[in-house]
Amino acid sequence: MDLTTSPKGQEILAKLQVFFDEHIYPNEQAYAEQLHHAENRFAVMPLMDELKDKAKAAGLWNLFVQEDHAEYCEHGGLSFLDYAPICELMGRVLWSPEVFNCNAPDTGNMEVFMNFGTKEQKEKWLKPLLNGEIRSSYAMTEPQVASSDATNVQLSIVQEGDEWVLNGRKWFITGAMNERTKIFIVMGKSDPNNESRHLQQTQVLVPKDTAGLKIIRPLTTMGYDDAPIGHAELVFENVRVPVENVLAGPGRGFEIAQSRLAPGRMHHCMRLIGIAQRSLELACQRVENRSTFGRKLSKHQSIREEISRCFSEIEMARLLVLKTCKTIDEKGPMASTDMIAATKTTVPLMVQTIIDRCMQMHGAGGLTEDYCMAEGFNYARWCRQADGPDQVHQMALGKQIITRYAG
Amino acid sequence: MDLTTSPKGQEILAKLQVFFDEHIYPNEQAYAEQLHHAENRFAVMPLMDELKDKAKAAGLWNLFVQEDHAEYCEHGGLSFLDYAPICELMGRVLWSPEVFNCNAPDTGNMEVFMNFGTKEQKEKWLKPLLNGEIRSSYAMTEPQVASSDATNVQLSIVQEGDEWVLNGRKWFITGAMNERTKIFIVMGKSDPNNESRHLQQTQVLVPKDTAGLKIIRPLTTMGYDDAPIGHAELVFENVRVPVENVLAGPGRGFEIAQSRLAPGRMHHCMRLIGIAQRSLELACQRVENRSTFGRKLSKHQSIREEISRCFSEIEMARLLVLKTCKTIDEKGPMASTDMIAATKTTVPLMVQTIIDRCMQMHGAGGLTEDYCMAEGFNYARWCRQADGPDQVHQMALGKQIITRYAG
Amino acid sequence: MDLTTSPKGQEILAKLQVFFDEHIYPNEQAYAEQLHHAENRFAVMPLMDELKDKAKAAGLWNLFVQEDHAEYCEHGGLSFLDYAPICELMGRVLWSPEVFNCNAPDTGNMEVFMNFGTKEQKEKWLKPLLNGEIRSSYAMTEPQVASSDATNVQLSIVQEGDEWVLNGRKWFITGAMNERTKIFIVMGKSDPNNESRHLQQTQVLVPKDTAGLKIIRPLTTMGYDDAPIGHAELVFENVRVPVENVLAGPGRGFEIAQSRLAPGRMHHCMRLIGIAQRSLELACQRVENRSTFGRKLSKHQSIREEISRCFSEIEMARLLVLKTCKTIDEKGPMASTDMIAATKTTVPLMVQTIIDRCMQMHGAGGLTEDYCMAEGFNYARWCRQADGPDQVHQMALGKQIITRYAG
Amino acid sequence: MDLTTSPKGQEILAKLQVFFDEHIYPNEQAYAEQLHHAENRFAVMPLMDELKDKAKAAGLWNLFVQEDHAEYCEHGGLSFLDYAPICELMGRVLWSPEVFNCNAPDTGNMEVFMNFGTKEQKEKWLKPLLNGEIRSSYAMTEPQVASSDATNVQLSIVQEGDEWVLNGRKWFITGAMNERTKIFIVMGKSDPNNESRHLQQTQVLVPKDTAGLKIIRPLTTMGYDDAPIGHAELVFENVRVPVENVLAGPGRGFEIAQSRLAPGRMHHCMRLIGIAQRSLELACQRVENRSTFGRKLSKHQSIREEISRCFSEIEMARLLVLKTCKTIDEKGPMASTDMIAATKTTVPLMVQTIIDRCMQMHGAGGLTEDYCMAEGFNYARWCRQADGPDQVHQMALGKQIITRYAG
């Protein structure tokens, strides 16, 4: 298995590294301060817009777009394998993906439009998304049911005349609070009596300003509001959209959901490698500059063992991501579910543990907003719930492996 | 070893349980909303003041006061063992200890005044603290050194005439932001050339409004500001206080610091048992009310194993706390350092793991502010750093055990 | 909860400590050598018989007997709580329980006779067992089914005239190889069509020399044959015993099995605390006497952290055992299943981890037969399977806890 | 990084797979029985010799030989990367490497001869080793010092006239008991006053039948004697060998030791992947064929989670091994110490955990000699001590990583 990235991928990565050194790292404090003093934490940030312009100018735009969607980007598309180190680098600064129009959930939503959108839908929503002019949300999880089983979804979608009428409640809807977010892709149940549990769902497009759609509140995860993107709770009360707002067609909601999640899971893992790697580097720098009881922390045997563990685990996590990427590139996501599940259920937990260790070595400061570790920890933690809790994927993976060896 | 609490302890616990059912649990949502909508998150909260009055009226006040300080309370003092289940119960609602004037860091500060204060200092500061009229802070940790080695403390305390002059920087100063906080106990270095590293430190009292003392900012841990108590960063620039503001005397700072920490560590652990227990109960309720793939979560074998682990670990953690309490009651804290260190380095980490499991079983909602779990997780996490990172206590405990068996 | 042992318990413990110092520890090497050079590793060992005589003479005999069976011993019976530290002490030398007639499976078998035996059965088998003249086995586990679900048991027991006829296979039959073992208690299925799955089983007594009963081979666990007691695989081919050899009566096999296991599980855990404690002491001595890279091992921070963890975990494991013992003493085993399951599923795994750490600190020698650690590790490991794998008990415990908090 | 093996490597692997199907797996029971009934467990086994002849005939001989030693084998040498999956396959049957003359410690010893032997030494010892006619041992570890610090070695080597005189004690000398073992490479201290701690050691060749060399006993690890290769304790009492028996030259002992260990560590890890993979397959088969409480084990959610974890961890461990191999192939072992240390300190512990889980899923049988799991567990466990305990390598790796990021 050849895990070497292509010359194009290497070239973009090199440019991105330069961009980070020139524009991202030097702006971390400014970004934190703008956000801290923002009246509305979900408003457009001036610094972000400046950086987006620079990224576009540098040809570092829409890097997530894959080769089979080459027409939607200027770089001609990148393989999963090529994108992995690029996305890892973005993971080092958690707000940076948006600079390159590479942030969740917009990337996944744009892919949904590419794969399932009509010409009109693409023109209206995909184009401004690709330009970074608007943002979008994907509304799937519901507070009242275990949404990890997608067939549990209860939001009702009923056709009345030439309209879809939506009623229900959603939460953890990433991006919904953001001022620039204009469109929601909403998963609901349109055909609850269909004998196939996987044909009961439909996805429709709901503009954010549609009557009856209320944003109740932003949610926090482990204390973070993840502004300016964030996660919201929504209520749909007799929300009406035209029939042509359906995606792909009635009854295809489950299919779209399945197609959407593989890249998203992998992108999370790639970014988590980046934040884990950065946490390790921060811990190394700290232990070299602190002393207790007359001895540099870096000379304590336990510190060296912890650093050693972090290094080894990051190596393994990164290799797992790369192999899964290569497998997807070669066989497609449907034939790679074992590797995707292995990655999704392994990397976030490992990274959580790695960052926990780095914070502990770093001392109390490591828990604060002065460093990226606590936020990275939170990111790793909620990834164990996002896109289905790990246990659901382990259920499927375990079953598949048992069949493989005892079938 | 008799771990039975006294009749008095049992009686107070029973009254406290009634109080929780009547006044605390029913007010959780109201409290969250008052805090959420507060203009100043560190201001006095009306609800808190109402509850404090009720607690006083119910004889549930200053429950932390020990038997040897009976004169400072109406209940005549409680042993460590008696206080453990009381404090555990308070841990179930993280803001509730203040209702009973039992919150950190005020409890520790009041004990310092009881043990080391002059008559005047007690009259001026201890009395209103015991009445819950003012709040206090304990300023020890510094950003620029590894403060887990207390001899590293750098804030300079110099006598000039009949004044102490303080210069330096502190952070993680719990309570400093709170509007009612009026007095800081500040640890600094007054005699850096003393050949004994443990006689170089002095503690002085600094009223919050003293010129030259600036509160720079509140800090967050893992995303939480822990308002309305919180943790702040402070700067001391030529802060001047009268010589009589010294605590106990020059050079006794280290001694005071040592005496102060044992109860604080134990109180944290007691409360953590409470929040862990409540997280387990919440998880049990959730898994009984959710289904995936046609099966109640509570019937999944993995869920039962996780619940089982949580139960067993809480049992052990609680027993360890109780044994340590009993040991302190019998031998005093100085002869109980092994058990205190074992508790301090074990319980927070166990509780962090327990709550992590409960959040995972609970689904994404468990990560939000709708439940107490994420905040409890954060509390457990920072306790691994508070009062010295676990590693420092393990260093001492390991050394002691090796000497015991190989001396 | 009062975890103080009774004066009688303390007195016996003190005598036992003296006995260990005088007769057990000084004979460890001799025992190892006798066993090593034995032609038949399952034969009677001269040293064991000498020590048994001394133990009897010292009044340290049948210490496992409980208060409600006082007539079977001279000491008047011990509570679970009293027995815990006594049994822990025996756990420090894994072959020592037999010296005091306190070894598995004979203790459990003797209890079965006490509880369910007829006068004749007691006279014939219990009496010589109590005297230490013969040994016994309990034949329950079968190789072809998951025996953790006792209703899976397949060995067929059919009544023909005035005889029971047994056909089937058993394994992990502890003690079966031992030369002195004379009697097997055999669990089988006598009424497979009974609509209650718990009334299909019967237990009958089968003398070891009965025709048709073949001992196929000794089994090893993790490389250990556990001689001279050991674990065997057996075949029953038309084994015939008189009808009066039934225990308690037909259909009561499951009931007997249930009653038998609680004390056995607790005794294992008590002994495991002993071997864990001893491993910790050995590790302490080793790290104090070894140096690497110019520094005593005991001065390495990582060693101190590991020692600290071992100490804390042993404290917790011991407390859990004691609380469970006290609960059984007060409420009986049937009302203590939650605490028994918590102990059985927690302590062996903890002890395995503790000994693993101690072996690692001890260096390669710790893995050898020169120290008791590897054998203790093996003991802890198979206890996770013995008396039902942990998962089965976690299933029941988890269910019980969920019902408690969400019922 | 291209982790694809070469066509030659793939061809040999394919042939080896056929050989395993035809000759190794079908002979596992026969091998176990021959060893079980052997009068001398360290004698030559007839079955082994038959299989060795077949392996030679099939061109599957000395597969460990690397490309830079092509003259010593017929296959022209294999890279580390090519050898990894071959060695992994051998790891599935722990006694199989000897069939292909690929077993430790002979492979490492042969490499020492290739790298440091004189023409005469090669003729006398390397040639019959390469032919599989004799076996060898490498005597480094000593019972009285922490040998993980190689400079601690105490065995005295003194030149008297034209002889070296050796006095000292060694243990864990793998292969020493084996009947065919003829030559020992012995590390000792020849120049204790040399100011460089790394120039004090010398290695000399000691034929097994030299006067004064006594094999005291075989050692067990975790209950296993690892016959017919095994580990022995040795005493050297005025053992005399000619001066020409020195390897490379006086004072070069440390250098030889360093050069020898990298491949050995990697080979252990490769084999451990094989035994972990096989344990997973055995567990899958077992859980598919067992039921408890009316439900196949394979349908329990906890089983699926455990299987899932094993799969993911094996993937990561294997990738780490492959990357390290590729790094060594490209940069040489000296520039790959970070990756080698990461692999050596990670894979054995992971495999130990994986097999532990598989044994638990497999039920009590999994602990016995009927399956390869317990022996694999033991192998993984002692690898954490072999070639230096993990902690020593973590010390070096941690230091290196800290320097990398904070240098």
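All chains are identified by letter, namely A, B, C and D, in their written order; residue positions are counted from 1 within each chain.
Just so we're on the same page, a residue touches a chain if its C-beta (ideal position, glycine included) is under 8 Å from a C-beta of that chain, and two chains touch if they have at least 3 such contacts.
To keep track of the chains, here are their UniProt names: A, B, C, D = Acyl-CoA dehydrogenase family protein.
Fair warning: this is a prediction, and the values are worked out from it, not measured in the lab.
Following the contact convention of this document, A, D is the list of chains adjacent to both subunit B and subunit C.
Ranked by how far their CA centres sit from the centre of subunit D, the chains are topped by B. Remark: subunit A and subunit D have CA centroids separated by 44 Å (rounded to whole angstrom).
Centre to centre, using the average C-alpha position, subunit B and subunit D are separated by 52 Å.
Between the Cα centres of subunit A and subunit B there is a gap of 37 Å. Residues of subunit C found to touch two or more other chains are 301-303, 305, 391, 395. Touching subunit B in their complex are the following residues of subunit D: 300-303, 305. Within the complex formed with subunit A, the residues of subunit D that make contact are 1-4, 280-281, 284-285, 287-289, 298, 301, 303-309, 311-313, 315-317, 319-320, 323, 338-339, 341-343, 345-346, 391, 393-395, 397-399, 401-402, 404-406.
Of all the residues in subunit D, the ones that touch subunit C in their complex are 141, 143, 145-149, 152, 171-172, 219-224, 290-293, 297, 302, 356, 360, 363-365, 367-369, 374-375, 377-378, 381-382, 384-386, 389-392, 395.
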